[in-house]
Every structure is written in structure tokens, then in C-alpha cells.
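Here chain A shows up in two complexes: once beside chain B, once beside chain C.
== the complex of A and B ==
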């Protein structure tokens, strides 16, 4: 399986080890996410160097070269693809069979330093029995060596940040799934880590809590923190991440900004763009004169045109020209397959995880 | 907020040394143990003999108090002249049995719930190693069982020494050593066994049963082996017998009750080695189970 390593640096696609920091990802295509805040850590934050992990005979991940910088990076892949193994490796909970991992320049051999800077949230319901939400967050802060006063202050702040103040004195066992996710998140952020490794953090959240949590992640990213988030719900990733890493069968099959990943695939899988306009036939005639357009199909209601192009940039320039001429009245331009779900399907050739 | 103020700033306060973090785990564990009524009652029951022994020691050293009350008791007179290793040996044996009872109920709930609830990755994503985790759990049982065995034992020795005065302690120096070493060996064996069982058997009643099987039915197996093979080495399976041999030796009281078989007891050194080997095996089993992730098979 070939690996598409994508983004501005095309050398990566030729199998060159990716060493380029991706700090720019925070301010990438969607500048709203960063809101004018420049990430403070210019260096790569999590680095995998030729990392393999085998569980006996079973492959976890194989020969991973990956560099993750500040901002939100999403790990996407079906169950058993190696996402959790990568998360556990990044969090220092697993040692690689081969290769090396560094997080903020620290190796797992320096757990005292490393774990102070990492916040980890499992995908499972991980709660010692019988604890209240407050105890849960407070205990784990104390296990970081925080003095009692600091632990109480930080626990209060984390619980406030995830909106669990009222429920904090209740036992975790009585929480809903969404509340459990939030209190887990509170323990992950409570000690103010610079790197957050969050395994399926949006699972079980209702839409409102999900939106609030996504906002929280963006706020963390805007502070220059590194968020490594796994998910199998692709539209969630589209909305959330600055950068995606697609994992399949223990291999990283693509990485980069979603738009960049899609562009790299354009030669094999022309980009589909839906144009809503008043004269789709006329527009079709115009676009067919361009060599990068491979297909143009009229929409059923004759108010739109679906175009497949190998060069999105040239196509958008053409559209600008057509619009400028005033012959065709263009109402909307909608990319039809530059989301993670389509990319995933094109790369892996399977039904995307979490898609319905 | 100005842009330059919004960047990441981590916690800059002081932190305790990671070496002592296991005590945090132990403190939370102790609080949980005492939140259970059954364990609290068991603990109080286990402390009652201390009061009885303290009263006995006081009366044995103050026979005039009994006389004032008009009580003439020959046994007390006998006890007063025999406040030696035997009394403390029986104290240790009695408390060891109560410690076993307490550990068999408290131990199984110390590790299994963490494994069942998947709490291990969160514990171990702190500056807390697997050994620290085990040490923290061990400290819970260690503290509780110490409070039942050697701590009150040494207090009783202190009481007797204070009441008897004049070199009693010097004359009976092996008693406090026996109490301390004998109790610690039992506590380590018991705690590691209980935690290992808790790590491998998640259903608490079954784990408690397993502890009884190892410590009680193990004796029956050992006896069967001794009789079938006409040997004494079956005692290697009899952990309680080995401990008794060690206590006899530590207190220098000789075997008070009958031999296990006519070939005699195992050498004391063999008993120490067997207890150490069994404890090491339990520690190894426990360590294998404490992982931050599930191993795919």
C-alpha cells in the first residue's frame, strides 16, 4: 500500500521521512481556528522515527515515520487499524518494538518529565471504583505530585472547564456516558499538559456537549498545545482537525491537511465540484474546453453541474473568469469529495469508518 | 486577553518527588477500605485481642490488684512467672490468623476493580511506575496488617517491659525481634498473595476463596503428599505450617503443639526460602498483570 504524505512539501510523497514541523497547520486553511494566535512551540512536538510495535506475532503498527506539531491532529482509521497503539506509544504507555519516539524532546525513558507534559484520555471508561468526579480528578493530580492546595485549585479549574461543577460530587458510576467523557477529559487537562493524547474523546457526547468540547479543543490548540485525537467518525474529524493521519492495517497511509491530502489524490481521483448556476449547459461547454476537466454532468433539476477535475486550482480560476464575464450566474460552488470520508475511501478502498 | 497572554503555560508550582507518590495511592486505598462496614468491623475485631493481652499483662504484673478484689487465681500467678516468648508467640499466631481473615476480604478488592474498570492506563500515564502502583497497593495491606500484628505486639512488649522493669527486655530481646520479623514475613506473604489473586481473579468471592484454597487447602495437599510419598517435603505446600516453624524458631519456644508428621518439621532455612520463593512468585504474577494496556493475543 502506497503512502500519501501530503501537504505543501511534495518530497514527502516520494517516501522522504517527514521532518517538517507543522506549526503552520494551526493557522492553515481555517484561520478561524487559531484566531490570530501563533503557536509558541516552533519545533515538532511528537516524533515517531521508524516505529514498529508488535504484540508477539500480532502487528500493532509498522515502520511509522510521523511528526506532529501544535494544533489538532486527528488519527483516523477503522477498528484494529493501529490508532490506539499509536496513541499509547505517543503517551508513553507502550514501548516500541523498534524505532524511537520523542515527545517534546523527551523519550519514554524519562517518565517523570514526560508524564507531566502529557494528558491522556483513554477510549474506555477508566475509573477507579466508587469515586466521585472530584475525587477522580483530584486523585490523579495528587499522583502527579501536586501539593494538596494546588491539586484542589487545578481540579476545580479543570472541572469548571468541562462544565461538570454541579455533578462533581456525584459518583462517576452514576454519570451518563457524556458526563464520563467530560470528567475523563478534565483529568487529562487538569495538570496543564502541553500535549493531549485523546482516544475517541467525542464518543457518547450529545451534540451540545460535542460542540462545547470541540470549542475547548480549539481553545487548547490556540494556546499552542498539541492535541492528538483519534476518531472513527469522519465528519467529526473534518470539523475538528487541522491535520489528519489516516491509519490502516498498522500503516500510516496518508497524512497532512485534509485539503492537501485531497489535492495529492487528484490525478487518480479527480476532484468533484458541484456548481449551482442558472445555465449549467453553457458552463459545461466552457469547462470541457479545459484539459484538466475529465467529466461534467448536468444535475437532475438542470440547475447545477457536477464537474470532475484533475486540477482544482485551475478549475476555480476558470470559474472566476466565467463569473466575471457575467454570462453564467453562479449561485454556489461546493466541493463534493474533499472531505476526510472521501479521502479515506479513495485511499483505503473501503467503506469509511463511522460512515453511514 | 492580549495574544501574547494566551499561549500555553504549564504548571510551574513545586511537585513532590515521584518516589513518594505511591503513598497517595495508599491513602486513597485506605480510605476506601474503611468506607466498607464489613472491613471496618473485621479490623475492630482484629484489634480486640490487643486489649485482652494488655489487660493480662497488666494483671500479671499487678497481682495485688486481683488480691484487693479478693480474686486468687493460680493461672494468673503462673502467667506472672512465665511472661516469656510463649505468651507473645500465641499473640502473634492469633493476630496472624486475624490478619489472614482481614486480608482475604480486603485484598481481592484492591487490584481487580482497577483492571475491570480499565483504570490502569490512567494510573500509569502519571509519573507512577508499575512498581509504584504495586507498592501503593502493598502499602494499603501492609499498613492495615501491621496495625493488627507487629505494631500492637511491640506495644505489648513495651508495656510488659515498663511494668516488669529491671532488664526484662534485655533478657527477652528475641521477643520483639520475633514479633517484628515473624509478622513482616507473614504480612509480605499474605499481601503479595492477596494482590496477585486480585489481579488474576476479578470476581471478589472467587478471589477470597482462592486465598483460602492456597493457605488452607494447600495444607491438606501437603499432608496428602507427605503420607503418600512418606516424606516431609510436602510441607512446602503448607504455607501456614512453614510460618509456624519460623515463629517457633524466632520465639525460641520449641514446638508447642504436635509435629506434622513423624519425620519432623522442615529445616527453618528451607521454610524461609519457601516463603520467600512463594512471595517472589506472587510478585511476579502481579507484575505481569499490571500493564497500561491490554496485550493482544
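== the complex of A and C ==
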């Protein structure tokens, strides 16, 4: 189900800097959704309506129509693809050149209400000079207009949640990159926002802090909050996000659950599934009789079979039948290219080789 | 107004008050608890340094003490030509442009813009913070200047009596009022300028020239300046030559009203700009 094909548009026709148009894929029914992992129809928490942003003559993002609901949505794209522009637009730090943006029904013209419900962890590494971690979280909470006691309680809780209690009394300027990232995160979550916009939040974190932070994000998502997370580390997105939005050259090229997007590409890029079994040759003979199977290749150790199919659902049904017959002992079934990396390469790598 | 609306309004007002208080605290920390405040304080203290040097010079040379009336006229010249037109101007330029441009240079403005602050409250908070910071610095300088000019070292004949018992106390109050109004006027100019242009240095130089040439301008243009209103409020006249007071000085209430009106207009322009403010550090 292909959505808008972002071909010739007026801005590009006027000579605006841009990349080659890429077909945009949108999921229909996706597997995670069927499993109940992702809310069915996304509740309109962050809505971009035909949003474009130009920096003078340079394209930031163009004609973005996007609805982001509760759960974790990852914005994926190379540097300069428009991820941060989209996030800054969502958070009201940038104004769209055209189009409109709403977050929980609020527009950026209502910052006094919007920023009580949204927390933004930006990509900027800078902090107001001379502040300790505690000052940074606590003083900016005071800007919300809350009484000192409430601000202190919330600051303490947020600092605890990101594991920065011991370092909170030290100046932010002396923090490591990972600590700065965590204190920024504490500031973003301190006022208990319904929507969290997080620009590369795992950058610079050590593996332990990364795992804890991912857990924190999952906990937020489980509470029904909206998390919009950008990343260019694709395996990170695989383990983190319920949905992905692939951005390239200022355009949204695909959105939905990774598997759903992958399914949309199956006709052009048959899905690869690796099946580990005791009789791969026999299995190969069986699967070749199916019209949706494009290729079946024996693995080097003759203990597995790599199958390329245009219809994953039918292929999995076939495997069930084969397993049920008891002729072939199937040990494992591993999708080989339904991760973000593959989707990204298929959608974007073909256009701009090496861009990922 | 029904009860709910009253509660909502009072809650809103209370929140704004707290927000303004938080901004004030943040900005004062940034102004005073940093090394970069030192040059500003040093410039603000220059008139006091000059007056202190005069005390030392008169004492060392064993020169005659100046009568208080004569010193009052000399001080009026120092106040108007050096303190207000240069020192207060420089302090306000540094403090008020830093409120916005400094945050952009340090890439920390977005923390304000991500707070649930109405942009007009944000702008007014910045202005009040700048007003308090700059006024504190220049009023402290003024508080040093007056005793050094009149009451220290016996270098001004009858100076202490003039300052503490005579008309000097009233003059000191008028100088303080003019100083605060100068900070408000120049502060509004520079806050608006910082929001409107990327590099306020060149426009500020042009404004400095405009202020110095004010007395040479046609009457209508004279009113578009801070010094025009301040001159009329200064308590002691002096012979300023080509920079002399206008033939018909503006009455004090009109001068104060005119200056506050100008401040209001400038802040309205600044608020309008603040509402459309974007965080674009790389392009700034």
C-alpha cells in the first residue's frame, strides 16, 4: 500500500536544495499491532499537517503529514535528513514555513500550556554556565511557576530516575557526555510530561546507562505516554521503538511498525528468512513448489536454508504445515532482513548509497 | 467575574509571579556570579574612580576646596555627559543585549523557550531582570560618587552639609531617579535591538551618536531619544555648550510619561518579536 510518492513538488521545481524523490511506504496491518504491542489506531498526540520548513532556500522538511500516537516512535535518518528539524517543530522551537502542528491539541502559540505537557531533550550539548546538575533541573522547574517544595520534590525524583543523584551537586560543565545526556533527560522528564521528544537520547551513554534509559523509555510508553525518539543507530531503534518514521532529505519516506514497512516492500524486496533444520534440501524442494518463494539457498554447513519470499505470511503457514508433518525437524526460524537496517537500506540506501 | 474565573486568574497571576521570580533569580545569578560581570562593574565604577582621584589629587596638592555649589555644577556635567551618556549606556548595552544574544551565543536560550512561559512573560521577565541587575550596578556606583564628590576628604567646601542637610539630598534622589529611568530607557532599546538584529554593536554605536547629537536635532526628532527626557529631569543645570538643554525643558511628569511610553512601545515591539522567536543557533 503505497502512499504519496514525493515526486515533483513545487518547492523542488523552484530549485530548492533537495534529494531524489523516494517512494513513501505506510503500513497497513502490521504484525506488532496484531500482537497487541502497538495501540491500534494511533491517537493523534503529535500531528503534522502538510508541514514544510525552509531555512531560506534550504529545505529542512517538506510536506510532512504525520500522526504520532502513544508508545515509542523512532525518527530514523542520516545526519541532515530533517530529524532534528521535525523535533524542533514538534516542540515549538521552530515555526513551520507552511502547514500546522498540534501536540495534544495545542499549538506552539500556546507555550504556557504546551510545555507543561511536553518535555524535550534536545541535541544541544550546551548548558547555562556555572550550574550544578541540581540547579539545572530545579531552577528550570521553578520556571514552570511551581512552589519551591514541589520543584524540589520533582527535581529529586527526576535526578533519581536517571541515576544522577551522586553527581547532581557537581557542575554540569565537568560532566562527561553521558552524564550531560542524563541530566538533560532528567530536565525533560522532571515535570512529568505526557509527550517526550528526545533527540538522540542514547548518544554517549555507556551500555549500562543505555539499558537503564531504554527501560525508562519503555516504562513511560507503558504508562501511555508519547515518546518521539530520534536515532541514527538502527539496531538501537529495533530494540526500542514500536513504530519508525524514516526520514531522508527532508521527506518522510516510510512510517509504521518496522515489520509492516518491511511487508510493504516485499514485492520489490522479497523477505529473507533463515530456517535452521535437519533436512534443508527436502525443505527447499517443498518451498520451491510455492509461487511466492523467489529463492531458496542452502547454508554452507547444510544445516539451514535461506529463503526469499514475497509473502511472509504464506511462507510461515507453509512452515507450520511442514513442521506438523514431522518430516523436517525445524529448529529455528530467523527473519534475516526485517529490521530497520534492512528497511532503511532498501528504502534509502538504493537512493543514496552509503547514506546509512 | 464568577468565582471560578477569579480563582483561575489568581492562580495564573500567582504562577506568573513565581515564574518572574524564578527568571529574576536565574538572570541575577548569571549577571553577578560570573567573571564576565567584572568589566561591567569596572566601567560602572569609573566615575567614582575619577572622583576618588580628584580627592587624592586635591589632598596631595593641598589645593583649595571647591565650594559646594560649584561642585554641584561640575558633578551635573559629569553625571550627564559621562555617567548617563557613556557609563549607563555601556552597562545597559552589555547587560540587556546579553539577556538574549548571550543566551544564543551560549546555546542556552532554548531552555527558556521550552518552559511553559508565555512569551510576553518571558520578555518582561528578562526586562525586569536586566533592570534590577543594571540598576543595582549603576546605583551602587552613584552611591559611591556622591559622597566622593561632596563629603569625603574635605575637598568640597560645605559638601557634606549640601549632601546631607541641604538640597543635595533631593538632588541625589533626582539623580537616582534619572539613573533608573536611563536604565529602563536604554534597557528597552537594547533588549528590543537584541531581538531584532544579530549583531547589535553597530546599531548601538549609531544610537550612541544619536543620543550625543540630540540637542542638534529638530524638536520632533529630539523626542525619539532617551537623553531628551532624562536631561529635563536632571536637578542641576550646567553650561553644556552645543549639548545644552532644549530651550523649553519638558516638565517632569511629561518627561517621565514620555520615557515610560517609549519603553512601553519598545517592549511591545520586543514582545512581538519574541513571539516569533525560533531557536536556530547555527543560523544566528
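We adopt the following convention: the second predicted complex is superposed on the first by the 306 of 356 C-alpha atoms of A that agree within 3 Å, B and C clash if a C-alpha of one lies under 4 Å from a C-alpha of the other, contacts with A are read in each partner's own complex, and residues count from 1 in each chain.
Here, a contact is a pair of C-beta atoms (placed from the backbone, for glycine too) under 8 Å apart; a residue touches a chain by one contact, two chains touch by 3 or more.
If you're wondering where the values come from, they're calculated on a predicted model, not measured in any experiment.
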- After aligning the two structures on chain A, examine chain B and chain C and state clash or fit. clash
- Partner chain(s) touched by A:52 [first = chain B, second = chain C, both, neither]: neither
- Task: Based on the superposed arrangement, let me know which partner A:223 touches: chain B (first), chain C (second), both, or neither?
- Result: first
- Message: Just checking: does A:95 make contact with chain B only, chain C only, both, or neither of them? Give me first, second, both or neither.
- Response: second
- Query: With the two structures laid over each other on chain A, which partner does A:279 touch: chain B (first), chain C (second), both, or neither?
  - Reply: neither
- Item | First, second, both or neither for A:345, with chain B first and chain C second | neither
- Is A:203 touching the first partner chain B, the second partner chain C, both, or neither of them? neither
- Task: Go through the superposed model and pick first if A:192 touches only chain B, second if only chain C, both, or neither.
- Result: first
- Query: What's your read, chain B or chain C touching more residues of chain A?
  - Reply: B
- Starting from the residues of chain A touching chain B, keep only those that also touch chain C in the other complex, and list them. 55, 88, 91-94, 111-112, 115-116, 120, 122, 124-130, 139-140, 142-147, 187
- Query: For the complex, which residues does chain C have touching chain A?
  - Reply: 14-16, 18-19, 21-23, 25-26, 29-30, 33-34, 106-108, 110-119, 121, 275-276, 278-281, 283
- Mind pulling up the chain A residues that touch chain C in the complex? 55, 88, 91-95, 109, 111-116, 120, 122, 124-130, 139-140, 142-147, 187
- Message: Quick check on the complex: what are the chain A residues that touch chain B?
- Response: 36-41, 55-56, 58, 60, 88, 91-94, 111-112, 115-118, 120, 122, 124-130, 135, 139-140, 142-147, 150, 154, 187, 191-194, 222-225
- Message: Which residues of chain B touch chain A once you look at their complex with the stated criterion?
- Response: 3, 6-11, 13-18, 21, 24-25, 28, 32, 35, 113-114, 117-129, 292-293, 295-297
